[in-house]
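The two complexes that follow have chain A in common; it is paired with chain B in the first and with chain C in the second.
Now for the complex of A and B:
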């Protein structure tokens, strides 16, 4: 106590500040997380808000100027014309298929990494899974474009088995996207499996369960939240993609392409904003569903 | 505790949303008047009466390759002579699509723009560019007469810029696959095309005009007079044709290198192209040829325009005069791969250049329907019906791709 009164004015004021902070945990917390929350609120949610507001405006189709009059025309067009329904369903289908393909490939890989491989092998595999993330997305997509082309690697290798390249189209899009997002599925499942104690597997075996039974009744339920967490990545990344489908998708288009064309070609920002709300809504529904599985605590 | 927390979050979110809406809402009310109707009307703007001294600077908005100062290739330079002669320092910004150009013009930071026909009318209507006094541009007199006073560069006989050069969207095909050599666009439009699954097409709403051009010849009952003036029924017919074509398409292209690659691998063997693309492909030993089909073709014809808000109008006019001078026009058209607008450029360009691009061949040029922005007022002069505008075309193009 005495030392406070004898301190320099600066020390005193510092001490006062820390006393105030100590007595008011809420203020302390506010100062600590205020700036990041502001960033999240203004830059992140603000952008979403601006998107939504823009989608309620219109456009002068000739000069391309945004007409700031409130209306629901963009959404009406979105609901009424069949083409956008088709594109939405196609995009959803692609995203779902990519997610399923990734789960099917990632699960055995992650299981091997977490439970079978030696520690050394484990490290090597983690690096192997992560390395492709260092290469540019575009390079990988163009690599697939070349591999999938006529007389490309895939048609050469497939020719040995009597198969041909699927060519540019939806199949090529799903394959390429599944390749691109695979690490985002493997890592959460791997982390989930690591947390699963070996003793549980042993217990299951001791109690007479066969391998398949153990996998179904013990491993799968335990890693299900991790799978859902991984699927959030693969699903949302596929949902918003427009470059891969432009490179290997042939003449097909996804929701992202409609947004891109309306921003770049048609210069119709309000309509682009309206289209962009579709994936946002889909993801909100998806996240709400994922929350019920407890996956969000796992991410 | 959790419940209270959740409610608190919701209140914050709701407040934020309300604030944002309110803030933007107020802004919207002042702006309503400036957004005009959809019809086409050129604002009444004065043209420059005389050229004074250069302002020392000019900001140019151009297609890549149109303004070269030797930094890309030391041999390609028509900017330095201009800077030395006029004292106008050139600053250039390039754009990749007509729509990007329209966006950039709206920033008001530029003095001149090289606009294609699908941008020029939009700029005129928005009042972004002003009429150009061609009497102040000595080289304008040399320009091919068939490029003057056209739909895409003038309104009611008043020029809004100077013609830069032009080219046609041609039909390119792999000579080793496509036999006999095609003479008609039917190879890319008709259901029974032997090249189904290997056809490519340009990925832009403006490509609808290509289908309309085809219908103009093959379905005269539709009464299409101008592929850029389509009423509802005519647009629907063009869209139907394009949907039929969609079944034949391997992929659409908008990036020219992507098309070169698709022809190299054989994923595409026939489709619309530009001369410069064919040149690049042939340079890589890909067996391709181009042809101007019997129905004619769409194409581009670019115009150098002056911004209304420009603060360097003297330099802008000096640039307009320079870029259509024989030297600069020869340099640009050769570098980019298109026909020059100034016949005198042909004497300076390398041998064969003007022949390759059919410069000045009016018959050839008349077969080309240059990109023009479709507007509600029919460009073919019909007054009893409303035509479909670019917005409708954009919508239709999305539908075609499905």
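Now for the complex of A and C:
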């Protein structure tokens, strides 16, 4: 191919670059993966690393400046203090509860969409589930604030059934978070059920299994990775949330609020960094476990 | 599937109820934008267009929209380039650490937003010595938007195969010509879907933004949050919310035109 040397110098050099690239796939790979890795591998991972290092530093209580002395005081405070233990457990509980609520609501919806609805209906339902995802997060949290208010819709209509609004608190937080992340659970389960061939369900039925039995022994194991994939979102998004709890959670605090307050008002970055490592560790364990189920290919 | 009829009816009813729960809060927001009561008393006693008039005149809301659009456009532009490069590298090559790279790409979205937010906040200020502002918001948003483009392009490349690109190379096209005339046109709709998702993700983000925005920059979510608890501003916020709900139809319409039902939209 060296014989091609006509054209402007620019064309020639471009041609040479192209030839070199064609002959050296490793170079091509390097050029492709380089920039994204520089951004994510160096800048982002570097930022996470720096965060962890900061958590091992202290703060001058008078000036508020970060003091670069290595110690474990932040983590000691975190583990020994009753308050932070309670907040950690509360946050984990909320995230787990939100995930369970979403699975329970999403499963029948996804099953109906994938295996009962007509193709046309299926299309409409997918759009119907997706649409609220595009509506603003704050708008939705705020809609629940209004619904849950003292003289709001829930206390008004619930009154007919003898129910009252739970008011602003932990229940309201779980309800609102479950509402916000529901589409993230429905979609992967739906996609997982879609991939499950109908013939497998028919075979199970033909062999005499009842609907419930088929669901337990055939459908659930097959969609388990999809459920785990969905739970990564519902769990992680709940774990780091501090806005929803501010809008509908009353005076309750989650881990996110502790981080937020320490970065902002208290200006104790090392301690905020130490608190932030809790959700990181939890999510890394969660992701490692999820990877073994094959869920990450479903994300 | 041969399910018992009773079971099918149960599923239908449950699906209907779920959709009701999904849409009632949104409808309530729309209704309240006409509610004459400033505290959204339920049921509404009178209706008004005053809040809409106030919202149109709200300078703060308008400036916030402009900031949000600018941030989202630049951030999705960056993530389109980086996400496509990463997807091509991972789909077309086998190399050491490939699994780690794919994990790294989903990490900014798999980790809670607060972690990404505080990590970047700390890095910008102490490591890079930057003042928080427009640039830092864009960088932060691009970081977690890469995954949406990456997922879309990766799925498309998997389906495309390499036959056409090889044919193009065999016919003498250079690497760049092949990309311009063969690969890119085949990826285009995946790029639009991924870019749209990135735009929406950035436009709506508040947690990471709170930690990476300076005092001068207000994106729309930050403006909404700052005004949510002000009794005078709440009805205006409510109108902005309705506009956002109505606008959300546009990306859905575009992506439905582009692709099948779940294609390109499933991954966050």
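Quick note on the criterion: the second predicted complex is superposed on the first by the 274 of 299 C-alpha atoms of A that agree within 3 Å, B and C clash if a C-alpha of one lies under 4 Å from a C-alpha of the other, contacts with A are read in each partner's own complex, and residues count from 1 in each chain.
By definition in this document, a contact is a pair of C-beta atoms (placed from the backbone, for glycine too) under 8 Å apart; a residue touches a chain by one contact, two chains touch by 3 or more.
Everything quoted here is computed from the prediction, not taken from an experiment.
Look at A:71: by the touch rule set out above, it reaches neither chain B nor chain C.
Contacts of A:151 after superposition: both chain B and chain C are touched.
Contact with chain B, but none with chain C, is seen for A:60 once the two complexes are overlaid on the shared chain. In the superposed model, more residues of chain A are touched by C than by the other of chain B and chain C. In the superposition on chain A, contact is made by A:259 with chain C only, not with chain B. Once the two complexes are laid over each other on the shared chain, residue contacts for A:190 go to chain C alone; chain B is not touched. In the superposition on chain A, contact is made by A:46 with both chain B and chain C. When the shared chain is aligned, no partner comes close enough to touch A:13: not chain B, not chain C.
Where the contact sets of chain A with chain B and with chain C meet, they give residues 41, 45-46, 50, 66, 146, 149, 151-152.
Considering their complex, residues 1-4, 7-8, 10-12, 14-15, 18-19, 21-26, 28-29, 32, 40-43, 81-83, 85-86, 88-90, 92-93, 95, 101-108, 110-116, 118-123, 126-127, 142-143, 146, 151, 169, 174-177, 200, 204, 206-207, 210-211, 220-221, 224-225, 228, 237-238, 241, 244-245, 248-249, 251-252, 256, 261-262, 265-268 of chain C touch chain A.
Within the complex, the chain A residues that touch chain B are 41, 45-46, 49-50, 53, 57, 59-70, 77, 81, 83-84, 86-87, 145-146, 149-152, 167-168, 249-253, 258, 261-262, 264-268. Interface residues of chain B facing chain A in the complex, by the touch rule stated above, are 12-13, 16-17, 20-21, 24-25, 27-28, 31-32, 34-38, 40, 97, 99-100, 102-103, 106, 122, 125-126, 197, 204-205, 246, 249-252, 261-262, 265-267, 373, 375-376, 389-392, 394-395, 397-399, 401-402. Within the complex formed with chain C, the chain A residues making contact are 14-15, 17-19, 21-22, 25, 28-29, 32-33, 35-37, 39-41, 43-48, 50-51, 54, 66, 105, 108-109, 111-113, 115-116, 122-123, 125-132, 134-140, 142-144, 146-147, 149, 151-153, 156, 179, 182, 184, 187-188, 190-191, 194, 198, 201-202, 205, 210-211, 232-233, 236-237, 239-243, 247, 255-256, 259-260, 263, 269, 272-273, 276, 279-280, 283, 287, 291, 296, 299.
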